[in-house]
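Two complexes are shown next, each including chain A; its partner changes from chain B in the first to chain C in the second.
Presenting the complex of A and B:
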């Protein structure tokens, strides 16, 4: 009965995991660590592994290298992983909840709402402090999310996604109007930011992203066992004891928060929320909680890989992460769909 | 869970001599109940007390409100008037997880989740007994094993649910509500779309659960004759109101059937049990269907 399962029991507590899934997730974590370590060493100024280790363990390295590592690369790498994890978690949980593999949170209008508010601010006062961006972005994202939630109140998950789609198109057309009326210099910085850039990463944005991820992630994981029942239909879920709308609403709000948070710190990164959960489906089958963890790590891997490639391939020119991500993500998505073309029956 | 002795149990006509040692006590009742969808009121003025330790069936024509009644009893539909009482307290005011440990329901044809094995789907029934760090206690494991053994699907435990036939799938769903270990079980047409062997197997199981496991079962059935062979109590619903409540299959007369179903029927006793079986009565005296 518990074939392929690991069960740990201690008093009233019991944890059950599929060992294959545990293995896969551990592998992902290891891969992420290795990639992060490698990303520390590469860049316009190569720093070898020994120096990086010396810096991490003994804090003993030349001032220039320490500055590069501590103030530029490390926060950038952390932020890339955080943003990827946030977008992927939001995407994974939204896709599961709406039973719709296309429900990327950017379809929900949240990304556009946050972008619109931040770009407006960028254009109105280019000199505004960086710290203001997350606040403004959050306000915009939540406003768009609330608008979608209000308009589609009580509607089916499909209508919810469709409403989000409509609102997101409205917002992006407003964004275009805004950009068309901007002067050239601020337009350039706005466009660069919109493409999703980690250029401006610092520890402050890392802290902001981490706080949002920890808070929203905790809520989502706490409610995941309720969310998991969504695939048996509302009647069965209710009879099994999930509250009718509370957990669902809180989970969706947290997904909105994650997207708005990531947009405000790194700009518009596409594809991650859509593609990371799909890649996670190639791993051995696991519970929703396991799927969410795997998606987060895959999202972190994707953004970190895209950003690291973006800043090394054409060095000293750096590509915004959003562009290299699209360059990697789009073919990857097509490849995934092609690989899974006849795996509709057995996704094991 | 409070248990009461069968001797204190209210009277209920059972054709079998054997009875459960004890009945898991949970009382479900409805008073002056009205419910519906949107502006349409589907059931009204329903007063019903579910007899503990019995297999009660709701019978009635299509669209008479049987499923609506069952959904309202299971708190899936909020009542417009009146209330549903579970152990004397309004079901809508009780914590939903607490209710889920007392009352289980299997809706008509729930969507089959993708990529789950039989054991995993049955394990979903343990939800109200689990927690954030209580994934799989020994009791969960025992309940799932027992539920699969009762419906005879233990050998399918690691099979994908999507790969099963309709009859097997129905057993899996029933196992899931059994794993929930609730004293009260509500089932909406558990035998519809099944062949006669599967119908007999499932109804036999339901009767066993009532007799030997102390469960109380309320069930919507469409097959009048099957219901008469297996159930203890019969609630006839028509146009959203309860027309008759009968506590003995032998009291189900042609007159009741005719009134409820608007069709003329002939009653014949089952050759082995003597329980009534209803056959259509044809207007043509020659007896052949026109």
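Presenting the complex of A and C:
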């Protein structure tokens, strides 16, 4: 039983891990750190590694470089990683919970619902405080998620996904109509935000994203035991004593909250929630919590890589992260679907 | 079987008259609609007493007629393309927007506008758009052909969505990097019919005619296909070639529609769904009916888009999406397992 397992004990508590999985996750974390460090050095003004280290450790660096690093690059990088982790966690837990490899709240209308509500509010009152956006976005995301769940109630996983597509098309049409009927002046900020841009990243949005991720993440990880039992089938889960619908509902609510939160700080970023969990499945087998952690790190990697490439490849023009992410993510998704084409749980 | 089909023919006639009547009424309403009130006397004058000095005549001839013609042509193309895709793939959810043809056509147009390698005549735009549609849809088909469950509706739709997203990301990237192209194509990309010129209509006319005639010619073979691949082979139809021709025609038709008024979704889904009895019963009459319905639907959507918030115009593509997406959901719930 404990072959290939590591056991950590602390008093009465103990954690078991497969060492291969631990190794894989550590590798991912290291990769993420390296990428973040590299992202700090590149940009319209190149800052070499030594200066970055000096800034981090000794806090003594020329005022310009310190400003660039501290006020522009660092918050942007943090926000990219947070948004990626949020979307990936939401996608991973939804895919696991609904046992549907294509379920991803940001694909199934939740993202569009949140965007729709936030844009409506932006157009009504452009001066809305940033912290209010996640609340409004959550309302919109929940409304969209509920609509999908209600319409496809009792239907097969396949109908569920397709209904989600339909609802998200409908909502994005509403969004276009809303934007077309708005005044040009209030349109500017809405459009900038919609494209999934990290350009406006500051520490305040980082704080908002971090709070949401920590809150929703802890709920999801706390309920992970129930989610895992759920996966064994309803009968087993009931016999083993997990409540039927409460934990499931809270988990899915948290997934919606994560998507709404990321939408409200960085706008529309597609594909992360769908592909990160699938990439995580190529790693050595691990528990649900391990899978979730790995997915989060892969999501963070994806968004950070997309954003950094987007702001460096065509410099001085910056591609919004949403666009570079789609350019990276869509081929990855196609590749994944191709590689796993005979795993029926994905496409049926 | 025979009496039912006879009755179907009669019903077709009634439906065709109905659809034609609708298109005519919508056409008339759309001509009269607009910020300027054009008196009815202008219309006989247009026929018998043409005068370049009359502003009313100018409005009708150069502003409203091109727009309405473009909308009718695009709607007809989209309806026919949807019907072709649905019957050739036996998939009621087939539609140029969902399966990626629209995205491929837009990408082709945007690439040609942004990187004019060779000075391309206006007349070549519909062909280029059709080629883009065909290439992207070909990729979708190639990807969904592997493994078990080949060409299952879900798989085709999923690859269509993924590749559309990729093409759209490329389009956005090009537009962000190249502001001139953005200015030229901004409204067109949302599916916008205002400002269509007669030259664009003339350029699209050949592909539209080829596509519609080709679709009509392939209908009998598609009818054989609808009996099942094996039976069709027994009847002497070449299954692969029939499918290829049908999909080529669908690409031509959606390419012409996109080159006329931009990527517009769901007309090709709703037009055949209006006539549930046509499902998997391809015939020339059915094609005609669906083509007319597509034209009528897009006319209605365009008229609404121009009228709801007048003087402000909404993008026509947004309205078709708003109506079409619920129809998609309804079809999903009815047809999928």
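Keep in mind that, in the parts below, the second predicted complex is superposed on the first by the 280 of 348 C-alpha atoms of A that agree within 3 Å, B and C clash if a C-alpha of one lies under 4 Å from a C-alpha of the other, contacts with A are read in each partner's own complex, and residues count from 1 in each chain.
The rule is short, and it goes like this: a residue touches a chain if its C-beta (ideal position, glycine included) is under 8 Å from a C-beta of that chain, and two chains touch if they have at least 3 such contacts.
Model, not experiment: these values are computed from the prediction.
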Practice task
Look at A:15 in the shared chain and tell me whether it touches chain B only, chain C only, both, or neither; answer first, second, both or neither.
Solution key: first
Practice task
Scan A:7 for contacts with chain B and chain C and give back first, second, both or neither.
Solution key: first
Exercise for the section: Give one of first, second, both or neither to describe whether A:239 is in contact with chain B, with chain C, with both, or with none. Expected result: first
Problem - Greater residue coverage of chain A in the superposed arrangement, chain B or chain C - result: C
Exercise for the section: Would you check which partner chain A:317 touches, where first means chain B only, second means chain C only, and both and neither mean what they say? Expected result: second
Exercise for the section: In the overlay, answer first, second, both or neither for which of chain B and chain C A:150 touches. Expected result: neither
Practice task
Considering only touches as defined above, state whether A:63 meets chain B (first), chain C (second), both or neither.
Solution key: neither
Exercise for the section: Please indicate which partner A:127 is in contact with in the superposed arrangement: first for chain B, second for chain C, both, or neither. Expected result: neither
Handout entry: Residues of chain A contacting chain B in one complex and chain C in the other
Key = 347-348
Problem - Contact set on chain A toward chain B in their complex - result: 1-3, 5, 7, 9, 12-16, 222, 225, 229, 231-233, 235-236, 238-243, 285, 345-348
Problem - Residue ranges of chain A touching chain C (in the complex, touch as defined) - result: 102, 151-152, 155-156, 158-159, 161-163, 165-167, 169-170, 172-174, 176-177, 180-181, 195, 270-271, 314, 317, 319-320, 323-324, 326-327, 330-331, 333-334, 337-338, 341-342, 344, 347-348
Problem - List of chain C residues in touch with chain A within their complex - result: 93, 143, 146-149, 152, 154-155, 157-159, 161-163, 165-166, 168-170, 172-173, 176-177, 190, 265-266, 309, 312-315, 317-322, 324-326, 328-329, 332-333, 336-337
Handout entry: chain B residues touching chain A - in the complex, by the definition given at the top
Key = 71, 74-76, 96-97, 99-101, 103-107, 110-111, 113-115, 119, 124-125, 127-128, 130, 132-138, 140-141, 144-145, 157-158, 160, 162, 180
